[in-house]
Structure formats: structure tokens, C-alpha cells
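Quick heads-up: structures coming right below.
Common to both upcoming complexes is chain A, partnered first by chain B, then by chain C.
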Partner chain A sequence: MQRLNQKLGFLSALPMLAVFAIALFAPLIVVALFSIMPPKVFSIANTPDFSAYSVFFSQGYYKSLLWSLGMALAATVILLVICWPLAYGMAKVFKSFTLFLTLAVVMSLFVSENIRLFGWVLTLMKGGLIEGHFRAWTSVGFDSPLYGVGIIVFGLVYVYLPFMLFPLAQGIAMVPDDARQAAADLGATRWQIFRQIDVPLAAPGIMVGCLLSFVLAAGAVAEAKILGGQAVITIADDIETAFTFGQDWPLGSALSMTLIGIIGALALFGISRVDLDQVMGRKR
Partner chain B sequence: MASDALLRLQGVVKQFGHFTALHGVDLDIHEGEFFTIVGPSGSGKSTMIRLLVGMDELTHGAIWLRDKRIDETPANERPTCMVFQSLALFPHMSVGQNIEFPLKLRNVPAADRKSRALELLDLLRLPQSYYSKRISQCSGGEKQRVALARALAFDPEILFFDEPLSALDYRLRKTLEKELKDLHHRTGKTFVYITHSLEEAMVMSDRIAIMKDGRFEQIAVADEIYSRPVSRFVAEFMGEVNLFEVSTEDGSTLSGAGLTGNAPSGLAAGSKGLLMVRPEYIRFVADGGTADYTVKGRLLEEYALGSRIQYEIETTEGQTLTVEKLREDRTTSALGGEVTLGFDEANTHLIEGD
Partner chain C sequence: MPTSRSTRIVLLIYGLLTIFLLYLPLVSVGFASVSRARYLSFPITRYSTKWYAEALESGTVRDLLLTSVTVAAIVTVLSVIIAFFGALAFARYNWRYRSTFQKLILLPIFFPQTVLGLALLMWFNALGVIPSWKTAVVAHLVWIAPIATLIVAIRAYSFDPALEEAARDMGANTPTILREITLPLLMPGLVSAGLFAFLLSWGNFPLSLFTTGADSTLPEWLYAKMVSGYSPLVPTLGIMSVVASFVLILTAFAVMWLIKAMRDSKAAQT
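Let's turn to the complex of A and B:
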């Protein structure tokens, strides 16, 4: 009876399973196939060559990739540093204020990313909210911080803050208070408690937060375009251009595959290192 | 400040807002003793231990360790250590790493740490193979031993225990109580133990302090607390007891509670008190038998407690008494029948004026 039930359960889940499998893998497979086509074709019924991948190196696309990964790394590190105290507060100290903070951060997600970024442009540009007022009152102006690498990283930090904050708070909430107290009782200083109790026990949350922020930041376009004024070109920007303006689907596909490969490997490595079940609240 | 006490509390007050958890407590704990603080929940014993280990700050008063005042010292700088109720083992470390944790903090070389950890495993009667086990692989009793080993690795001046056995089942608890007492003898350390269980306190302790509403009711050795409690609270807290509200007008005739006999020597004329007798000292008096005090009643119920039989008797005054007899001394009286109970003055204790 139980075996029959299991069988029926599996069978009734099959249609949905098929939909998920097709939705997940079909686009990936199409992109993978396009990436090995000759340049500028619009069909996968061509003889494969790997020319699109060689363009990646010969025409300097690797520079965009490095910029994207570098800025994503910087944003992730900065996020980790600024979110830790906040997440710690949310998990252990703030009590009812945590709910207010959570709502406030979630609310910001209701407004489109582009609109929020343009808000920053209006705030920071020359003659904008800050510099404009400052100049009007003091008649001394200063240069806008816009259109540089620094402001792009700032934008990434700003936009992806919730994706670091919440997993981190979740991770820190898993550190038992009595373990921290016991460590102190056994003579550990604050720093030793942080290093030997907090970080290892919050590791799943740290890993999820870092992966989410890094993956999202590495594929980001808007920050570099809107705040950075294309001071640097990100890899996601290159991919978009290849598919649209460049009309070179194989090139766009090859760039996508490279990005997917690197980020996928990183994610798998990260996930294999921590026990995600803990974050999901499942019993071990 | 000079004193022969290892740990001395002077007028310790702890307030949480308007609530006073401890009302000016004084206490001396001597080197090498097993001292237990017993009290019902809400008596202030948990507050007390949090103050003693430094996890909370006291409102007034002072705590001295030998001749050093330590109440301002943070927990991680105090030479004392606690075994938590939850044990608070570090789940991400192996048994060995847990035990070595306090040594690692002091930069003890790895080889020395390991040999010390193995020594402690031996002392706690855990196999050395447990060194590399994960905490989650240990049973409840094994976790207790690991927590103890970790605390001993710290080599504290005083080892505090916050009800570490309360979550275990009865048999394991009994075993560990005896092991703990044995460990106390072998290490010669000062143990300060907190519990709500009188039994636990009686089995292990040299001295017991009974807490109630943020004050000590009585501090004495276990025997004295059992046979000479200072108040009704202590008498009732320390197990089954029969208390007779008695008084005397002339200092020789006893009145109250249906008791027949002479007023106990401690009871002055015109005063009243509680005459206490433990269930094992009451006997069934046959016709013509004698006892210093007798009381008549009806046999209500009989319970078998293994080696002993417990009887419940309702006196003619309506008070319910508890009597315990060894199995071979059980009464032949039938349930519901009239019985006469008797006990001697030597086995009673008078709580005056309560």
C-alpha cells in the first residue's frame, strides 16, 4: 500500500517535474549549443566551431569579466563587513526593532532598482541634491563622485544589501547564546569568541549571504551603466550588447557560458562546504 | 580583606528593575567543599549563579575570592568556571577540541593539550577513542562528562554547576550524582552546585543552602537540615514530613493537633511551635504499647515504595500524616480501620514560633 502511494505520488509529480526540468535546462542547452556555433548565425543547425570562445580572449572580453568579478568581490567583502554588526543586532540584540528594520529593508525592494539608482544620480550629480545645495549656500562647488569604479561598487553594495543582511542574520541567530557564554566563561576574549564560536557556527549563513551577493553583483548591469556612466563595461553589459546591438548570438552565448561556468563552480564549491539544511531549519 | 573562606558574598543584592531577586545575601564557601544551593524555581538560585560566574552584575554588595574582590571582574577573567544546564558544548568541535578549548586560549602547545585532554577522558571514564568523536555522536551522559572534562581542563578555583543533570532520565541522573561526588573527592576542587532537587543535594553535598524568595533560609550540613530545619518551608522542602501545630499553657501539658504527651522541653509556657517528625520515626502503637507522643487516626491508604511501605493516616483532628515502615514492619491494620500512632521526643524537632 505504501509503495503504491509512493508510486502514485511520484507519477502525479511527474508533469510538474517535467515543466521544471524543461524550464531550467532548455534555455541553458540552447545557449550552450549557440556558444559553439560560428559567428553571427541565428540557427543551431550549423557545423560547430569554437570561434566565439577565442574571441573572448582576442577581443578583450576577459577584461569585462575581470572587472565584473573584481567589483563583485569588493562589494561582497564590504557587505560582509557592514552587515555583520547589523545582522548581529537583528539576531541577538534589537528584539522588536528587528521587525521594523526588516520591513524597512524589504520595502526598499518594492521600488525598481533602476529608479533607486537614478535617485542616487540625482542626489550625487554635479548640481544635484547635495552638490547643488552646497554650492548655492557656500558658492563653492565640488566634483561629483559619479562615473567611476568606486561609485559602481557603492551601487552594488547598496542594491544587494538585503541579500547579505538576511542570510547573515539567519546564520547568526543559529549561534547558541550559551555557547558564547561558555566560551567567555572558559576565558575567551570577544575576538576569540568571534573567531572560534560566532564565525564557524554562523558559517552557513555567511556562505549563503556571500554567494547570493557575489552572484548577483557579478551579473549586474544597471549600477555600471547608471552610476558608473560606463566608466567600466561589465560582462553582463557585453552579453547584452552581443545579443542586441552586436547581433552575434554565438558570442553572447559563449560569454554567458563562461560566466555561468565560473559562478556555477563557485556556488557548488561554496554550498558543498556548509550544511545548508541548517539554514533552512531542517533537522539534521 | 583576610578571610578563611575561598568565596565570600557580602550583602549581595540583585535587582531587575523594581523586582528584587536577591535581598542582601551573605555566604562563605570553604576551599574543597561540595556546596549546594537548593531552592524552588524563582527562589533566586539561578540569579545567584549568574552573579557568581560573572554573567550578570550585582546591584549592591561584594564578592570576594580569597582576598580579591571579583564582582567587577568579567566572566572571562575570573578563575572560576561553570557547567551549564544546557552543557553549552561547542557543536562544531570534536570532543577533544571541546576539552582543549580553554587550554588553546592559553596557548598551551598542541602536544600538551592533547595529553591533558586524554588524561581528562580517563578521569571521566570515557574511552580515549572519544577524543576525535563529534559532539552529536555522544549520548546525554557522555556529553555531561565532556562538559565536565572541559571545565576541569580550565583548572578553575571553583567549579559551578547550574542544574546540569536536570534534563537526564532518573537512572542516569543517579549514576552521575555518585560519579560527581566521587570526582569531587578525587580532584579536591571546590564544587558549587545549584539544583531544585533536594535528593540531588542530599546525595552529593557537604553543605546545603536552602533558598527562598531571594534569601537563604538555612545553611548547614545535609543531616542537620534534614533533622533540624529552621522553618516549615525547609522542613517541607526536605522531603516528606509531619508537622504538628502545638502549644502549651503551663509548659508541661501539650495541646493541639490531637497529640497526647508532655510538652517538649524547648517549648516554653504560653508559647507555640511546630513539632516535626519524619515519616520513618512514627510507629503503629498496639494496645498497651508506649510512646512519648500518641495520636489516633484512621488508616487511609497504603503505597508500596519498594523496600518501604508508605501509609497515609487521617487524624481525628483531620490532619493527614505520612508514615513509612520497612516492608517487614508493615502493619496488620486494615485500610479504613482505627489506628494509634506513636513517636518519641528524641526523634522530634521543635520549630519554635512558626
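Let's turn to the complex of A and C:
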């Protein structure tokens, strides 16, 4: 039986592994090879040098990286704060409204990110949904909040909300009601229950939610381009430019490798600490 | 611990507010799509559906829709097949590298899509493959098949392996078990995975951008128009794409509900 399980497990993993081999690992190897090529070549048949990586510091690309990481961190912290009450409601308070909320949030995910961000531009621009109507009623206009750092962080929070909300709700659902009840009976305050019962027991969900939001936000481009009007250049934007307008594949590859390195390290660290069987609700 | 009535109401309002904010931009897009003026400005004074008529007649739009639907349909079929087996390896069979496989599955979801798209572009270039909608299918697959696998895996966790073992004890071989026991049990998961796969592929932009070559999907076209200045067709096509996804979801729900109702009534008769 156990041998059969081994065989079947491997065989059924095979299609997925084949896709990964030809469309994830192979491209990654190509990127890694390109990143050590001399500038502006289009084939990997050149003598390697590491000049592309030194450009990272000499031409200020580290600034874009810091901006990306900083904005991603800000978005993650804001998301954690605004999603917690909602996730708590979904896991412990709401009944049929949880299903409604889940459906509403999931359905918004299926609308292309571009269209939703473009919608915010129409909503917030001068003469947009809010300012236009406000001016029509009061004949006083105000400046649009678009094209700045704040609005980019807002865009990140908006787009990645589901990626924080669902893992968090899943995590909070794992906190047994008995434990909270027992703490309350023993005289714990709300804050103590939150600090000593909710947070530690919901930790896997918090971890997955923060990790997902941070990592996705760190690699984001569209928010800065559409809402931010490129007030800040993100690292993913730099990567895109290096490949397209810059026609410098080795530079783009080196920047990609840096971003992948940071994200990969974080993701591996986080994933290795979470028991997926438990988070996804294995019964046995 | 019972929650007080006021907390419940506050949380409910908070939830409704979140949904409102999630959909507010789409409301703006909706208004913009029926504005008559070529240059949009709120409040809208004159309404017209002429942009919809223009979009429906345009040959470009037809090509975009055709490309998007073709890619999404192929990605859906392949993802569901991969996810069916992938979910069994993820949740059902106890094999040695199961936990490694579980972690591997999450990798593409964490990966920045822009970088993945560019990496694939270089890889196709190194192979000498000219990018077209077919290469976009491969790109979508790396990202969507793992998500589909996770969705099916949730279903696979909840079924009792004793059912399969009983069938095996009675002499059924592996293909028979998969067809007669596993497939029907996982069916609801496969349907939702298929739905997710189609819609995620339909709405995907970062992966398509670099991997479609000369072909173009709907989100790509919308983005190109958005950054190069306003076109009244952008909100119109945006709304059409959103409505198409929502109609698909509602149809799927209606069909599932019908099947369930029919099964229930059949069970009641016997």
C-alpha cells in the first residue's frame, strides 16, 4: 500500500512538475545566465562578467528597490490593520454575510487589475467622479490626490486586499472559541485575549497573509504607473524598462535576479514555517 | 464568547463599506462607458450607448476577444487536468516528497508576474520560438495551474481515503478507481478550479504583456490605450469584459444549483 502511494504520488505530481521544468526553472536558469553576461548582448554565448550587478549600485537602481520594498512594507502593515477586524468578522461573527463578502471579494479579483486601477483614476482625477460632483454641488474644486507616493500605497492596499483578508480569516478561524472563552472567564481583558490568544494561534494565517501581500506588492508595476504617474519608479518597472526601451537584457536579468533573490528568500523562510496541511484544513 | 449586538453591526457596516470601495472604481468606469463626450468629465451630462455600438462593430475588438477566449479556454482545460492529478499528489497520496511538492506549488504564486513574463520571453527567444498566443498559454499555465491545484486540493482533503481503499479491496484497478470514485468526488472542486482558471487567464495582464508577441489580449489592449492617452473605448471594453466574467460566474452558479436541485428531486422520488 505504501509503495503504491509512493508511485501514485510521484506519477500524479508529474504533469505539474513538467510544466514547472519547461516554463519556470528553465527560464530562471536563462535569466541567471544572462545576468552575468556583458552589457547589451542578446545571446548567452559570451564571456561572463558581472558588470550588470555593479550597475545596480552605480546607477541608483538600489533606490527603486528600496522604494518598492518600502511601499510594500507600508501596504502590508496597513492591510494587516484594516483586514484584521474584517477577517475576525468573517471567521467568528458573520453568518451568511461571510459567504456574500467572500463572493464579492473573489469576484473583484477576476476583473483585470488594470481596469480597477483605471477606475480609481476616473474616480479621483480632477473632474472625476468625486471631484467633479463635489465641484458641481459646491462650486469649489480641490486638487486630485493622484500622482504621488501615498496613492501608490493606496493602490497596493486596494489590489492586494484579498491576499491578506483570506489567509487572515483562515488563521483566525483556527483559534478555538473555547480558548478565548476560558481566557475571558479567567479575567483576561480584550487586549490580553488579542495579544495572548488570538495572535499566537492565528499566526500561520497572519504569516501567509503578510508574506503574500508583501511579496506581491514588492513586484508590482501597475499601481505606480497608472495611479502614481511614475512619481516613483518601482524595481519591477526598472526591470521592464531595461528589457524593452533599454534593450539591455543582462541588466534586466541582474535586476530580476536581485528581486527574485529577496522575494525567494522571504517566501522560502515563510513557507517552511507553515504547515500547509493544517492551514488548508486536512481532516486526518 | 458572544459578540455584542453593536460590535456585530459595526463589523457588518465595515464589511459593506469594504465591498463598496472594492467596486467604486468599476462604478466610475461604468459611468464613463455611457458618457457621450469624447473627453470624459464628471458629472456626466449626456448619456449615449454609441461607444458600445462602435466596440461591437470593430474588427480589432473581435480579434482581441477571440485571442483572449482562445487562450483562456485552452488554459482552463490544461489547468483542470494538471490540477486533478496535482491535487492528489498535494493532499491525498502520502509520498515521500509530498511536503516539498506542496511548497513548490506555491512558488509561482509568489513570483512577480512581470519578471516571470520577461524570463519566459528570454527563454522562448533562446529556444527560437516566436512568441504568439500559444506561448501566452504556457505562461498563463505556470501561474494558473498551481492555483487550480490548491482549489482542488481543498476538496481532496475532505474526502475519505477509505472509499478508494474499499474499491481497491474489491478488485478495482487504479484507472477504474480514479474514474469511478476520485473523479466524481472531486468534481465540485474541478468545476470551481476551471472557473478560476478561465477568469484569471481572461483578466491576466502582466504575463500576457511579454509573451503574446504580435497577438494581443483584451487587458493588454486596454493597458496600451490607458497609458497612451484616453480613448472612450477603454471604459466600454472594460465594462464589457467585467460583465462577461460576471455572467459566466452567475451561469456557472445557476447550472450547479440546477444540477443539485435535479439530484435532490430524484433522490426524493426514489
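FYI, the second predicted complex is superposed on the first by the 255 of 284 C-alpha atoms of A that agree within 3 Å, B and C clash if a C-alpha of one lies under 4 Å from a C-alpha of the other, contacts with A are read in each partner's own complex, and residues count from 1 in each chain.
We take it that contacts are C-beta pairs under 8 Å (C-beta built on N, C-alpha and C of every residue); 3 or more make two chains touch, one makes a residue touch a chain.
Since we're looking at a predicted model, the values are computed, not measured.
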- Message: For A:Pro200 in the superposed arrangement: first (chain B), second (chain C), both or neither?
- Response: first
- Task: Give one of first, second, both or neither to describe whether A:Ala184 is in contact with chain B, with chain C, with both, or with none.
- Result: both
- Task: Once the structures are superposed on A, label A:Ala136 by its partner contacts, choosing first (chain B), second (chain C), both or neither.
- Result: second
- Query: Which of the two partners, first being chain B and second being chain C, lies in contact with A:Ile260: first, second, both, or neither?
  - Reply: second
- Task: Could you say whether A:Gln192 touches chain B, chain C, both of them, or neither, answering first, second, both or neither?
- Result: first
- Looking at the overlay, what does A:Leu8 touch: chain B (first), chain C (second), both, or neither? second
- Message: One more residue to check, A:Pro176. First (chain B), second (chain C), both or neither?
- Response: first
- Message: Tell me which partner touches more residues of chain A in the superposed arrangement, chain B or chain C.
- Response: C
- Do chain B and chain C land on any of the same chain A residues, and which? 181, 184
- Item | Residues of chain C that touch chain A when the two form their complex | 1, 3, 7-8, 11-12, 14-15, 18-19, 21-29, 31-32, 40-43, 81-82, 85-86, 88-89, 91, 93-99, 101-116, 118-123, 125-126, 138-139, 141-142, 145-146, 149-150, 153-154, 157-158, 174, 199-200, 202-206, 210, 218-219, 222-223, 226-227, 234-235, 238, 241-242, 245-246, 249
- The answer for chain B against chain A in the complex is residues 53-55, 74-77, 81-82, 84, 86, 88-92, 101-102, 105-106, 136, 150-151, 154
- Within the complex, chain C is touched by chain A residues 2, 5-17, 19-20, 22-24, 26-28, 30-31, 34, 42-44, 85-86, 88-90, 92-94, 97, 101, 104-105, 107-120, 122-123, 127-129, 131-133, 136, 158, 161, 177, 180-181, 184, 211-212, 215-216, 218-222, 225-226, 236, 239-240, 243, 249, 252-253, 256, 259-260, 263-264, 267-268, 271-272, 276-277, 280-283
- Message: Show me the residue ranges of chain A that touch chain B in the complex, using the header's touch definition.
- Response: 176, 178-179, 181-189, 192, 196-197, 200-201, 284
